[in-house]
Amino acid sequence: MSSTLIVLNLKTYLEGTGEGAVKVAQACKEVADDSGIEIGVAPQFCDIYRVASQVDLPVYSQSLDPVGAGSFTGHAFVQSIKDAGAVGTLINHSECRLTLANIDASITTAKNAALKTIVCTNNVATSAAAAALGPDYVAVEPPELIGSGIPVSKADPGVVTGSVDAVKRINPAVQVLCGAGISKGEDLAAALELGSVGVLLASGIVKAANPKAALEDLVSKV
Amino acid sequence: MSSTLIVLNLKTYLEGTGEGAVKVAQACKEVADDSGIEIGVAPQFCDIYRVASQVDLPVYSQSLDPVGAGSFTGHAFVQSIKDAGAVGTLINHSECRLTLANIDASITTAKNAALKTIVCTNNVATSAAAAALGPDYVAVEPPELIGSGIPVSKADPGVVTGSVDAVKRINPAVQVLCGAGISKGEDLAAALELGSVGVLLASGIVKAANPKAALEDLVSKV
Amino acid sequence: MSSTLIVLNLKTYLEGTGEGAVKVAQACKEVADDSGIEIGVAPQFCDIYRVASQVDLPVYSQSLDPVGAGSFTGHAFVQSIKDAGAVGTLINHSECRLTLANIDASITTAKNAALKTIVCTNNVATSAAAAALGPDYVAVEPPELIGSGIPVSKADPGVVTGSVDAVKRINPAVQVLCGAGISKGEDLAAALELGSVGVLLASGIVKAANPKAALEDLVSKV
Amino acid sequence: MSSTLIVLNLKTYLEGTGEGAVKVAQACKEVADDSGIEIGVAPQFCDIYRVASQVDLPVYSQSLDPVGAGSFTGHAFVQSIKDAGAVGTLINHSECRLTLANIDASITTAKNAALKTIVCTNNVATSAAAAALGPDYVAVEPPELIGSGIPVSKADPGVVTGSVDAVKRINPAVQVLCGAGISKGEDLAAALELGSVGVLLASGIVKAANPKAALEDLVSKV
């Protein structure tokens, strides 16, 4: 395994829901095995268990609420995420923003349960701020490019290099991913070139006519 | 089966998380079979699939987000809830409040997927308002009594009878549950006496030393 | 004065901020005096005091938080709204949605302070629900038409008549306003024709080249 | 004037609402003039204009929403805050938390309007994160001590010194305030001793039998 990381967010795409989530995860697993590149998936809460129990690859939660055991309804409690088989979690995705205090509490909660943490940010300043909280990864994604098909590595390379520089200055132990508009091999190659260690992506693969072929293209330039 | 309904909300109690959720659901199933009274459980999102695939009883989601298929992260999408095996959902629990527009949209979304809907409310006025939206059930629970051990049927019977009257006046097809502080057979009997068709409850059973015995007591007076 | 009511929401338009709010309110006052039709304005929180202390017309708050006196920061407390000179408040505008429990609590809080209440809704079902809470007015505004320039009275007359019917059935004491895309005299006339008692509007007047002339046109068909 | 800063948050205390806000601000002004120490007040949105137009002292908003001019209802728009006479704003108070992206956007929005920015945080990690966003001040306040009467400087001096160290390491241009439980001269003296440049406080002064005397005691040890 290289140290490159690809995380595929299944969002609420029909193609990545229920049995679909298992199929996409299976494609990820095959491409990861063939390429030696680590690929994880982030299915919906309801799908974590069946993906994790049927496919041997790293499963991430799409979010985590920093609540403990107790009187909380409709929350994503760390223990249920962990018991379902997740090894990590996204935190503060642009479609699921948290307060600063809750991002911090979510990181602490996840770490105490030995879950990997990927905090999503929207620009260089918030990447720097997130790094100060000490997650495993900061994933910078300009919201206006998410789902656009225009890769951040082309449209705004400065947000990636700026985030890498800021994160390293504040906490060198934190690694940087980038996302938004990523779908092709050249996008991943460019992302690594810019100093990130991998990508967070979604529709470009999940909604591809052939997700496995799309994944094969994605890892082809590394 | 009588028309009485008991729904057990597992919240984020450790005793009702992961394998624990399956065990509590199994106890509910046994007591439902023995008593002929319908008992459902509302586990956490991550636990819906494993409960529904291992125990043959009605499983409810703790909440539902009125989002469609698409770019939504960390949301409770109706199709994933349905695919995981749920037959219904709580909406607007006091620990997971929604806007009025989203309660309405959640009911519509759930109905389109043939999921039963239980809208939680906090007083007579909001019970009446919820009835106007046409869910299957309105579950009135004064927030200050939730988890108190003091049954709503004793502490505030007027909120139950008032909700029953208001709901019937606005939409006679909607049935009323009540909750907060319910744990014993006399509480359920009193709830039915007041005109509700059942109860929504949580800690009194989930955190009991012996949940099955607690459930047996709960149904003993009906 | 007829029983017709026009409420002009100044939102955060620059033309309706600070001294601009006072000027728009002055235009409203003049047209109200000339036409005998009641016109109110809803300026931003920061502008309530200076509008209310300089112009003699009904001033509404854009929202109200159902908090009491105490440890609340950044909230719209009823007493500060009242002391600033407001006579009423919008509640649950589509750009400032509240939970059902908070809509109910906001109505109660406002009534206790003798403030008029206008609860905004998005369709017939939520209009019916809001009526059950007993505000002075329900203002139905399909969100997709807000700011569109296409009047609700033309694009979706059924949402107005449906809301009027549903509200009257549930609580005949509640009156109905409609909004979204309203700017001309024919729009107001159509709104009254459909059974509403007035309109809630914003950009069509505030951003008009000549707000006073636009208001004169608005009331010209009544 | 020394470089010490005291900011008094009037919250929604009745004693600090409407005419009360003006009176408390007047007391602050007198003590500031007598002592040479800068004292600002943060009244409710509705009270900014009348405080700023009647009392010559720095007025802060309690919060700011990072929205522009346009279709936003019930929001705290920077231009209305500025036009009302504020010179700065609190951001992310523990009673008014924002997402990380919105804290960043609020700082940028306020700076573009030449408003001072005070970002509230709850621990050392979030103080460090906030410093990375470049506000004028970070005000660290452990939520559990707010309103407790137990000064942070005694109960948890490490959160102050830790925040000062972390903030200085990340952005030496950012200054640190501390708050929670502060009311007496010895509390302010201890706060300065720990490396902060001042305090954010509320009930200890606003709800004192004699706010002016309480303020005089507050500044007596500097």
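Order as written gives the chain letters A, B, C and D; numbering starts at 1 within each chain.
The working rule: a residue touches a chain if its C-beta (ideal position, glycine included) is under 8 Å from a C-beta of that chain, and two chains touch if they have at least 3 such contacts.
Bear in mind that the values here come from a model prediction, so they are computed numbers and not experimental data.
Summary of the copy comparison: rotating chain A onto chain C for the best CA superposition needs 180 degrees, to the nearest 5. Each chain's centre was taken as the mean of its CA atoms, and the one lying most distant from chain A is C. Of all residue numbers that take part in the contact between chain A and chain B, over half occur on both sides, making this a same-residue interface. We define each chain's centre as the mean of its Cα atoms; on that basis chain A and chain C are separated by 43 Å. Taking each chain's centre as the average of its CA atoms, chain A and chain B sit 33 Å apart.
The centroid of the Cα atoms in chain B and the matching centroid in chain C are 36 Å apart.
Within chain B, the positions touching two or more other chains are listed as 94. The set of touching chain pairs reads A-B, A-D, B-C, C-D, using the touch definition from the header. Of all residues in chain B, those touching chain A in their complex are 9, 11-14, 17-19, 42, 44-50, 62-63, 67-77, 79-81, 83-84, 90, 93-96, 146-147, 202-203. Per the touch definition, chain C reaches chain B in the complex via residues 92, 94, 97-104, 121-123, 125-126, 128-134, 166, 170.
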